[in-house]
Amino acid sequence: MTLTAQEFAFISGLVRRDAAIVLETGKEYLVEARLLPLARQLGVATVSEFVNRAQHRPEPETHRRIVDALTTNETSFFRDGEPFSQLVSTVLPDMLTRRAANRNIKIWSAACSSGQEPYTLAMVLQDAMPPGWSFDIVGTDISQEMLGRAEAGQYSQLEINRGLPATLLVRHFERNGANWRVSPALRKSVTFKRLNLAAPFPSLGPFDIVFIRNVLIYFDVQTKRSVLQRVASTLRPDGWLFLGSAETTIGIDDRFERVVTGRTSAYRLRSAPKTAPVSALGKG
Amino acid sequence: MLTMVIDDSRAMRLILKRIVAQLGFEVVEASNGKEAMDYLTSTLEGGTEAPGLALVDWNMPEMNGLEFVTAVRAEPRLRSMTLMMVTTESEQSQIVRALAAGAHEYVIKPFTPDAIIDKLALLGLLPNGVAA
Amino acid sequence: MTANPTEDDLRVIAEQVWSSYLDTDGASPLLPFPAQQRRDDVSASVSVTGAWRGHVVVSCSDTASRNAAAALLGIEHDDVTDDDVTDALGELANIIGGNVKSLLPEPCALSLPHVLMEKTAGRYPSVTEVCSLNGTWLDESVTVSVLESTADFAGVSAP
């Protein structure tokens, strides 16, 4: 561990200012681990030296790359599994009834990192939606580098080995050298945009379903509230919200109510019109 | 759950055994498809517990993994056995062949323990209380 | 027409193999530069036949082979036997060879691994080296090479 307390404070200040991410003391190992590859890339031997330089010879590009390295979410296909099963068994049947008029579903995958979540949603919807229905998926992230990766839709063997059912692998991916690339059809069904959740964001949506998983945990309570508020405003009144398995809106925003579905929970706005016929739920 | 680990490499059998043993599964090893089939036949004839899961390599002498999968899927009494291939064969056409022969899942070597565990979760085979 | 594998391909494959089995915590990766002394006390190879013919060879110092066996088999370095080294190196060659095979023209088949606990210079006549990765792991020499056969079916070497 080479990082001094002062250097760590500089980094946590930078990340807090640019991305509203909170890095408390105790997270020095994370900074060390995440910045080492970046330091090496830029020809500097230790993280401490790298941070020192970044602090005393500030360059916006370097600062941006530091923030990117620290805000990158680990992600994988079908991460945690359950939310996607519940999407299919509870949420989509509900949507099929409510959107019968225009037969379209819009989903936002926020903080999507290298794109596995939006592509997972695309694969799930392609299988679950009846003919005549369309869906639009938007994946957003603060990091330009991650968005580039997501847009390329190319994954390593280690990445496709995790969580992705083999039947979906052969159906939606093609080998490209040592990597696997999403098929053109799957690629077309997802749009990627750069977006910083902690900053005012351009109007998006309205969405029927929002996935914002494992990113709120990094924010302080105030930022969490502000993000949830803005997410709520992009959500249709009867739309659904999915958070990470260890996250909840309880205590942060009481506009949402928790709906326990199977072994996981999803959230809806309390004011959601409960007009869907009961018999339509749970089918399929 | 009784699990079969079928691979002609002792090193690979050890690696896989470590992963599933941590989940509390009991493990039976075989070094090729024929040995594994002989074992399964003896459990069926002897009325003892047949494994619920098999992790199967592809390239093995005597009877390879694809042949083993085909043979198991042809036996109605082994209907409930989950077959996961764990192999270096990573061409798209090979994966398609394995799935067509009746393999339920497919893991490419090299794999991390999480890769195996995630797939077991997908198949609903993780014991309760184990996080995916 | 598939291009031949490159050193970069070997680097990607090695990185995945190391992070999966030999360097699970990221503290001791295979560094992509030659060790002080290139050693091939132990080598494990698989042969490739079919649309492409040749060998994929993993060779390393004696110490590295024991480190690999210890890591792969989950045993103490001092408890490693020659059989352990054979099993571990053989499986590494199998996995690396299998991944190289998927970059070669289809269809190809891999042989069972052959492990030699002796110097291997000149062991493969009638081959050209397509690419190789000379690496350092825990300060020891580890090399991965892809060798393509140059002899035609009549056994006469190509000019």
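Just so it is clear, A, B and C label the chains in written order, and each chain counts residues from 1 on its own.
Following the convention adopted for this analysis, a contact is a pair of C-beta atoms (placed from the backbone, for glycine too) under 8 Å apart; a residue touches a chain by one contact, two chains touch by 3 or more.
As the structure is a prediction and not an experimental result, all values here were calculated from the model.
> From the centre of chain A, which chain's CA centre is farthest?
C
> Comparing the two chain pairs, does A-C have more C-beta contacts than A-B, or is it the other way round?
Taking the two pairs in turn, the one with more contacts turns out to be A-B.
> Taking each chain's centre as the mean position of its Cα atoms, how many Å separate chain B from chain C?
That gives a centre separation of 26 Å.
> Roughly how many whole angstrom separate the Cα centroids of chain A and chain B?
33
> When the C-alpha atoms of chain A and chain C are each averaged to a single point, how far apart are the two points in Å?
38
> Could you list the positions in chain A whose residues touch two or more of the other chains?
Chain A, residues with two or more chain partners: 157-158, 175.
> What positions in chain C touch 2 or more of the other chains?
16, 19-20, 99, 102
> Which residues belonging to chain B are in contact with no fewer than two other chains?
In chain B, residues 90-91, 110-112 touch at least two other chains, as defined above.
> If you look only at chain C, which of its residues touch chain B in the complex?
Per the stated touch rule, the residues are 16-17, 19-21, 24, 72-74, 87-88, 90-91, 94-95, 97-99, 101-102, 106, 110, 112.
> Could you pull out which chain C residues touch chain A in their complex?
The contact residues of chain C facing chain A are 9, 12-13, 16, 19-20, 26, 99, 102-103.
> State the interface residues of chain B toward chain C in the complex, per the touch definition above.
So the residues of chain B touching chain C come out as 8-12, 14-15, 18, 59, 61, 87-91, 93, 109-112.
> Could you list, by residue number, the parts of chain B that touch chain A in their complex?
That would be residues 90-92, 95-96, 98-99, 103, 105-108, 110-112, 114-115, 118-119, 121-122, 132 of chain B.
> Give the list of chain A residues in touch with chain B in this complex.
76, 78, 80-82, 157-158, 160-163, 165-167, 169-170, 174-175
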